[in-house]
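Chains: A, B and C, in written order; residue numbering restarts at 1 for each.
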C-alpha cells in the first residue's frame, strides 16, 4: 500500500488542513484590512530597472518560463510575465515570450493579450512574440540561445522550472550583455543562476513575487499564512529534536510523527500510548 | 590608452580561449588511458550492496528516462547496472516515459543483453513508454498487465515468460531509476512500500537526492559518470564510466586552476591600480 | 460508471451519448458566456473550477475500502487521461503557431529567413521518417532499406549528436561562469568559491590522489581510530577531501534543500488553494 489517500497517511491529511486553514484565515485578515509586511526582495526591485535599460537600448526583453508544464508554477510564472508586460507596454519595448510547453503557450497568448489590454495598448500585441519553440529540452535550449544571440536582448527574465538548460540560457544572456533576473523552484539550478545572472529569486520567493509586485491583500495574506505554516513545521522539528534527545527514539510522540501511517495507527498511538 | 597588465588581460580573457583549453584538456584525457584508482563513495557502495542482495530469478524494474542529451552520463550507468543484473541472473523489465528514451534504452539494452546471453521475453522485456509516470505507477501498483498491456514489440505482456506470475508492482524487488530529470519523487511517493528504489541521476540532479538517501527512501545512488566509474571498479569491469570519469576529474582540476588564477589576477590588478 | 465497455452495443451507445452531451454542453456554453455579464462569467468559471478541483481533493480525503479505493478513485485516471489529451491538442496548436511563424518569415523574406527554411525542412523530414518508422514498427507499413537508412541517419547521426552537443555546452559554460563568478569579492562569495572547489575536487578521483596518495591520509577508519576520535590519525581520516565533500553534500546541502523544499511545497499548496477557490486573480 502506498500513500495515495489521507487514510494512508493521517499526518499529511492534518498538515494539509492546517496549512489551508492558516492561508485562508490570513487571507480573510488581509481582506478585513490588516496591514501585512513583506520584506524587500532586491531581484524584484530590479525588474523595472531592467525594463528601463532595454527601452533605452532599443533591444527586446525576453521572458522564459523554462520547461514548466502547465500547473501552479506555470501560472505563477505567467502572472509575473503579465506584470512585466504591463510595464513594457508603457514604453512600447519589444518582447519575446518563449515556451517549451504547448499548453503554457496557449495560456500565455491570452495572458499577454490581456496584459496589453489592461495597460491600454492592445495595438502592441503581436501573437508572433509568444512562441512555442519545442518541447524537447535541448531543442528548446538551442532555440532560446539562438534568439538571445540574434536579437541581442537587453533583459532576460527566467521564471519557472528549469533543468540542465538553465546555464545555457544564463550564460548566453551574459555573452550578449543582458541584465538577467531568474527565479526557479528547481533547487539544483539555483547555483547556475547565482553564478551567471544578476539577480536570483530562490525557493518560495518565486511564489511571493506576485504578492510583492501587486501588494494585493489576498496574496499578502496568503504569504503570511505560509509563513505561519513554516513556523509550525519548525516547532514540530524542535519538539521532535528535544523529545528524541531526552526520551530517545522509542518515545510514542517520536514514533507517531516519525512514521506516519493510517488513522488506526494514529488512534492507537494517542490512546494506546505506543 | 592605459597599458593593460597581464593581470587585466587575464581577467578579461576571451571565453573562447577558455573553451579551447577545456576542449583540449578533455580530448587528451579521453584519448590517453590514465589508470586512476577511485575510492568508492558511500552512496555507490550502498547501491552495489543492494543489488548484491538480489537472488537469481528476482524481478527488477529499470526505469530508463534519458535521451540523447545525457548519453554521456546515463549510458555508462545503464550499461553497468544491466551487466550487474545479468551477473546476478535476475529478471528485469525496462520502462521509459518518452519515445526517444524508449528507443535509446531498447537499442542499448538489446546490445548489452545479447552480449550477456540474455534472451528477450524470457530473461528481460521492454515495456515501451508510458506518457504519464504518476498515472503509470499508480496503475502498475493496482494491476500491471492491465496498465502496460503490451511490450515494445507489441506482444501482450501476459504472454511473456519473464512476466509469469506478475500481477502488480509489488511483485518486483526494486526499481532502478536512470534519469536526467526529477522522476524519483514519483517512484518514492507512489510505489508499494517494500519496493526498494535505487537512483542513477546526472550529476546536476544528484544534489537533490541526498535528502532521500539520508532518509533511506533511496537505498543507493550513482552520481553521473563519476558514480558509474566507481561502480565499474566494484564490478571489476572497465567501461565508459572509467574513461569519462578520468576526463571529468582532470577537467575539474583545470577549472580549479583557472579559478585560482582568476583570483590571483584580481588581487594583482587591484594592487596595480592601488599602486 | 467511469469505465466503459466499448465492445458492447450498450457501451457504444453510452459513449455516443456522453460525447454528444459534452458537445452540447460546450456549444451551449459559448452563447451563455457571451450573454452573461462579466461578474456572471467569472462566477461560472469559478464554479466549474471549484467542482473540477473538488473531485481530486475529495478523492484524497474520502475514506477508502480494503482495496485502497473510494467512490471517486475510478474517476481519477480518466480525468488525468483527459488532461493529457488536452495537452496533445495544445501541442498541435503550438506546432501550428511555430510553422505559421516560420512560413510567414519565408514568404515575406523577413530578416534571417534562411533559418526558417532550415526549420521547416528539418521538421518535415524528421516528421515523415518518424511517422513511417512508428507505423513500420507496428507492422502497418513495410520496413524498407530507405526507411532504415533515413531514420538511422536522422536519429543516430544527427539528432543524438546534436542533443549531446547542446548538453556538452554546459561544461564549457560552467567553466566561463565559474572563472567569472568565483572571485573573493565578499565573505559569501568566498564561502561559495571554497565550498565549490572542495566538492569539485573531492568527488572525483583527483581528490583521492591528493588525500590518500600525496598526503598519505588514512583510507579507512580502524577500531582504534573510533575509540580515539581526537587522535591525529582519525582527524586525518576525516579531513580527506572525499570525506569533506561527502559531508558538505550530506550535512549542509541536504538540510538546506529540505528547508527550501518545505517553503516551496507550502507555497505551491497555498497557490493551488487560491487557484481552486478562485481567490487568485493572476493570469485571468
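Going forward, contacts are C-beta pairs under 8 Å (C-beta built on N, C-alpha and C of every residue); 3 or more make two chains touch, one makes a residue touch a chain.
None of these values were measured; they are calculated from a predicted model.
Engineer: Could you name the chain whose CA centroid falls nearest to the centroid of all protein CA atoms?
Structural biologist: C
Engineer: Which pair wins on C-beta contacts, A-C or B-C?
Structural biologist: A-C
Engineer: Need the CA-centroid distance for the pair chain A / chain B, whole Å please.
Structural biologist: Chain centroid spacing, chain A to chain B, equals 28 Å.
Engineer: Determine the centre-to-centre distance between chain B and chain C, using the mean Cα coordinates as centres, and give it in whole Å.
Structural biologist: It comes to 17 Å between the two C-alpha centres.
Engineer: Specify, in ascending order, the residues of chain B that touch 2 or more different other chains.
Structural biologist: In chain B, 15, 69-70, 138, 207-208 touch at least two other chains.
Engineer: On chain C, where are the residues touching two or more other chains?
Structural biologist: Where chain C meets two or more other chains at a single residue, that happens at 162-163, 166-167, 174, 176, 178, 180, 182, 257, 261.
Engineer: Which positions in chain A touch two or more other chains at once?
Structural biologist: Residue numbers touching two or more other chains: 1, 4, 138, 164, 187.
Engineer: Mind listing the chain C positions that touch chain B in their complex?
Structural biologist: These residues of chain C touch chain B: 76-77, 80-81, 84, 137-139, 155, 159-164, 166-168, 171-172, 174-176, 178-180, 182-184, 193, 197, 200-201, 203-206, 208-209, 212, 219, 242, 246, 249-250, 253-254, 257-258, 261.
Engineer: Over in the complex, which chain A residues touch chain B? Could you list them?
Structural biologist: Going by the criterion above, the answer is residues 1-4, 137-138, 163-164, 175, 186-189.
Engineer: Quick check on the complex: what are the chain A residues that touch chain C?
Structural biologist: Chain A reaches chain C through residues 1, 4-8, 13, 16, 19-20, 23-24, 27, 69-70, 72-73, 75-76, 78-79, 82, 99, 101-103, 105-107, 110-111, 114, 127-128, 131-133, 135-136, 138-139, 141-142, 146, 150, 164-165, 167-168, 170-171, 174, 185, 187, 192, 194-196, 202-204, 206-208, 210, 216, 218-219, 222, 225-226, 229-230, 233.
Engineer: Where on chain B is chain A touching in the complex?
Structural biologist: Within the complex, chain B touches chain A at residues 15, 69-70, 138, 141, 180-182, 189-193, 202, 204-205, 207-208.
Engineer: Quick check: in the complex, which residue numbers of chain B touch chain C?
Structural biologist: 13, 15, 18-19, 22-23, 26, 36-39, 41-42, 67-72, 100, 103-104, 131-132, 134-135, 138-139, 154, 207-208, 210-211, 213-214, 223, 226, 229, 245-246, 248-256, 258-259, 262-263, 266-267
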